[in-house]
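Lettered A, B, C and D in written order, each chain numbered from 1.
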């Protein structure tokens, strides 16, 4: 089986290539079969491979397809390295990807650019797989930029609207800023280790760098730079809410489940560097904590269904960063997986709603959909519960609780980070259920045109089940103590031990988390269902309005960057449109012309002047010859 | 001899194309196509018949030497190594494209047009092949005049101005190089009485630091203007935007590369110490070029001018890499020369396609073409992505290698150069946005690419992908010549190291030397 | 003649030369310009004679005869040209004949 | 005079006889064609007679002449150029109203003067040669009486030439006065012993420079050039630009080499200033000029400046460079004026830039030839002009005259602009189909077209394969030891 590893990314690439070349000439069914099928077979291979992996329990599978290039000892390959970490990722990518592809065949059915959509989606899946399977950082970088490209293409999928194009470019450029940092990190790594092979770096790094070495910190921070760009974390988070301009399946696949977690993958993959650079790791934790709060507040204020989900994604990835930052590697990855399920589910539900409401995304114009779309309601509710981490029954509870727990009890934990996490959990359940109440309860404001069909609901149901049950593979110590996931991760990522003093009272903290989450639901119920007037009275105060505006605009980051970077750059560029340096050369030319005019005055045509010229010359020559 | 034939075929083909206009108006095109194709096949044959492994010891594959003006020590020396071979392949490939894209675009004086086209190519071929400095200057200038005509006769509205500017800039800088060549000639001659322009012999000239510096600046003048490096770039946007498509493609794809080639071939090995001294400044110029070009590109509204400024930006990488003096950077530079030749050439070709259909280059007049011409859109997308350095395409390998190399030489400048990649994203995406996505203010009918145009575009896409995914054949071909150019620097380094560890290694060396002497005996 | 007379004679030639030169400069009438040039030529001739007599050689006088011949030829062509100009412009003012310039 | 003297002076004698024969024929039977043939034949004969003198060592005809390989080469150059010019003249004069026959007599006489100049070793012969050249030129310049500016040009040239001759003569007189000899050898011998040059002698040299400078049309004695070039008939302009300058330059080189003037920094300074001023003024004056003949006039001023750079190198390589450059420059200039002559019509010469608009479309071959000539003037490879300029630069770099060399480079760039301007005008696409101008029978142009073709081919040949010419020139100087730097 491991000889077929290369097929996993190759199939989506092949599908994409075929769709690019022949897409316009194929029927819709053929396109759908090609697009969904390629990812489906990939998913199948992944599952088989995963089963083999679980039964054989090798350290990793490795396959080199070909040597990419080789220059003076720099020989990156197109080679795949499959260990537990990447297996989890490729499972999520192919499986969730397959469901979303399936869903898309219905969602995009009426779009005239059907083949293009699937070409881009397949390309994305291929690139994303390459990213997580790469055995060296350069190949990872290839996937990294490749998913960026697909993200750009899909955000701007409906290109005729200039705003979509703007959002697409914003996404690409801002992530590129992060990529630049990462590229510099790669330069340093290459300079230090003479290779970009991940495993080599991971084994050699502790020998070359001692803990806290400046270089290690620098590399850690630069990699973090790449990660925050891709994962929509502070300070490069501004592109993600705008990225919702793309079709909803795109948001589900790229901007919720997979691509945006590439940063998490990168940090987890390079954990040795961060182990060697505590400062960088702390920075990861702080970025995560701050981001999850800021994004949570912003999510509270949004009206656009997808934007709420977008901010929520930023916030949840913040949790993952927080986990990585405190050294709870496995917990971070676990949350990634769970999050992929429930966030994809939420987005797909949102997509179903949007489709049913003629592309209406404003929650204020929704309501009462519970009866109209029961399947969507129930699945959405499950997803929301998981996101809000309702205790015991949802998988979100287990993953988030694990993070919160290690944030406090882990060796690098801190009370401040824990408080931030708790606050975030509260806000999360508030905005989640705000969403639920606004959309599904109350009176019906927009008529549902056509309820979603089977192709749409089947993925929803599958994802809903996953959102409920997948948490059970990793249960807390005091709660049946299942550690399948962290056991799987153990060979790849270091484990974490909780503070023994606190560990005794773990149940107390679980209770706090449960209460917080339920409290959030209650608050949402209070404001949005029971007595909206209460909310209105608070909202009408001028301070609250200002705060609302501030949060609504994503804490003013867009305006800040606009004024700080974009406007000056565009201004400068337009100012110098005609190239100031050029005027230097035109000046030279004009000077020569001026001299010409001056000189041609002497050619007056008058004979006497010519005589005078000769006389002057004679005098000059005689003077020189007499003086020298 | 095959080298001479390459040049002769082009020149003779040019004359024939000119004359054949009288017999049949289409004949010049076919003759030109045939001539370039023949050369391309010859070059490919040379490439395939010399596998990388045999390149080992001496980088030179083929050499030809005929006395020309023996009184001055001028010889007609043509020599081919991996670097030249790659450049030739690029030249003839782009040459074929240039003939093909002119098929419909050029309507007047087709005979003379193809004469000029082929002679430009011949001049460029000569530049890439000759190893005699006199001859080098000769070809250097020979390629300019036909180019001048290409711009001046078949260019767009403001062609005269652009043609003048191009000609004056390049000539002025070329003359400075001539001075430097002469200076080198006399210094070398006065040292050992052997007055010659032979590159191989001049390589061994020992120069006083002051003289080396001056002579290096002479050479640099020509190459930096041609490359071009800010602040000597101002001829480029005019020339590129006013030239006919074939002219722009040749300018961007080949002429700029002669500057880079000159840096590699002449400046590096001839003046090893002076270049090391100048390296930080040169790299600074490169970075300034990367960023300045990118900013200017962003603000342009004329599509061809925009692409022209991207060239300024991309060529910044070349000088950055050249002056990093290591194999990574130089391989990057070679890759950049090829990849940029293809990608920017392709962008100009697309601009040409659009101009043919719309008769405007103003991107304000364009928009929404994806719906009308999806094939063109996809191809444009590929090359826009190449121009912003997307991995998987040739430009990425080039830029990454260059940056990896330059990082070893200078961290801060590399950081700024890397930031240039972000700016590249900004201007590149602007092209896609304005031309293919955003709806246009006025609606034009627009035909998608026809078979001939696809025949031009598809090979370029394939090539740029190939370069991005499996560049090894190219890198292997270039390696021996790059090591040759770097030899002087490695010796310098070795010298420095030797000073440090001279005592420890004294014994070892003496053993090595005796070994060397032993090997010498049979010779 | 002793040396000082030689130099005085040379000085005379020089003065003559200068006079001719100045009058070429200040005269506008073409004929007068031609005459002034002739004066300069004759000054040169005089200088030759002085030099010849200084070195007691016939060469100076030979040169003088050459100069005379040449001057005659020149004047003849010159007068013909001046006649032409007068026909065309109805004036002998040299400043008038300044159509070509720039 | 002995019989051998006659043999050595054969070219001069042939020219003299030809002039006389022409006069007699004109008196008897005016016929353009016959005179033309006699002239051409006499040039060819004179040229062929030089082959007898190949590879001779210097033969002195005391005290006036010395016939050495240098002189022979220059005479050959002059004769060849005159022949080419006379070839171009036929069609040009055929369409004029004036009597054409005397033109050829004057042409022969002028050529004779120039030939005399280059073999002179004495002030007397110098003066004679110069004046024969000049007086014939006065008439040649204003030969087309009917044309507007011909007599203005003539009178300007006459007054100024006589004026500068006066300087030359007075300078000679002063030199003679101070040294007591007028032969170059004598002068050289007399001044080698002097530690410093006496004042009178320096003044004399200075005044001679004025005279020579005028003929060479270097700044500040250049002002007549554009007016005379414009006013004179195109073939005569070609003659002034080439033959008359070759003669004067030849004598200048001979004189300087003989007395080794390069020892005196004063003289070098003067020539350096003159050279730089000529380059700059010539090019700047031409920059925006719209009259092609005036452009060529100004360009000739700057080219003389370039030549002086090689001259100032003051060694054998410099003189070789000058000689090579002269050959290249003559081919080019005669070609350029040949084109002008070809395009001229009965009324006026084709001198305005307008006349050349879209020439490529009307007369592609002529345009191509003219383009080649202009590129050669600009010093672009594949043409003789490039090799010439290269030679000069090499001479300059060799002697490390960085100031001059950098001025040369700077000016070459300025110069490019106006050469290219003409080319650009010729290559412009025509707006409307131009009416063809009335022309004579094609057969009349046969000589002109042939000459132009030959010149263009020569231009390219020398540009591509200069080795033969270089070899020839180097041979001259290896067999003339006087010219090896002292």
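As a working rule, contacts are C-beta pairs under 8 Å (C-beta built on N, C-alpha and C of every residue); 3 or more make two chains touch, one makes a residue touch a chain.
The chain lineup, named per UniProt: A = NADH-quinone oxidoreductase subunit L; B = NADH-quinone oxidoreductase subunit M; D = NADH-quinone oxidoreductase subunit N.
Everything numeric in this text was worked out from a predicted model, so none of it was measured.
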Note: of the two pairs C-D and A-D, more contacts are counted for C-D
With centres defined as the mean of Cα atoms, the chain at greatest distance from subunit D is chain A
Dist(centroid_CA(subunit C), centroid_CA(subunit D)) in Å evaluates to 26
Per the C-alpha means, the centres of subunit A and subunit D lie apart by a whole-Å value of 79
Per the C-alpha centroid definition, the whole-Å distance linking subunit A and subunit B comes out as 38
Averaging C-alpha coordinates per chain, one finds the centres of subunit B and subunit C separated by a number of Å equal to 65
Touching two or more other chains in subunit C are residues 24, 30, 33, 94, 97-102
Expected list for subunit D, residues touching two or more other chains, is 155-156, 159, 163, 226-227, 289, 417
All chain pairs satisfying the touch rule are A-B, A-C, A-D, B-D, C-D
Seen from subunit A, its contact residues with subunit B in the complex are 20, 24, 66-72, 74, 78, 116, 138, 141-142, 144-146, 149, 152-153, 156, 159-160, 162, 165, 168-169, 172-173, 176-177, 179-180, 183-184, 186-188, 190-191, 569-570, 572-574, 576-577, 579, 581-582, 584-585
Interface with subunit A, subunit D side, in the complex: residues 155-156, 159-160, 163-164, 167, 199, 202-203, 205-207, 209-210, 213-214, 219-221, 223-224, 226-227, 265-267, 269-270, 273, 281, 284-285, 287-289, 414, 417
So, in the complex, the side of subunit D touching subunit B is made of residues 360, 375, 380-382, 386, 390, 393-394, 397-398, 405-406, 409, 412-413, 416-417, 420-421, 423-424, 427, 429, 465-467, 470-471, 474
Contacts from subunit C onto subunit A in the complex sit at residues 21, 24-25, 28, 30, 33, 94-95, 97-102
As the complex stands, subunit B meets subunit D at residues 67-72, 108-109, 112, 134, 137-139, 141-142, 144-145, 148-149, 152-153, 160, 163-164, 167-168, 171-172, 175-176, 178-179, 182-183, 185-186
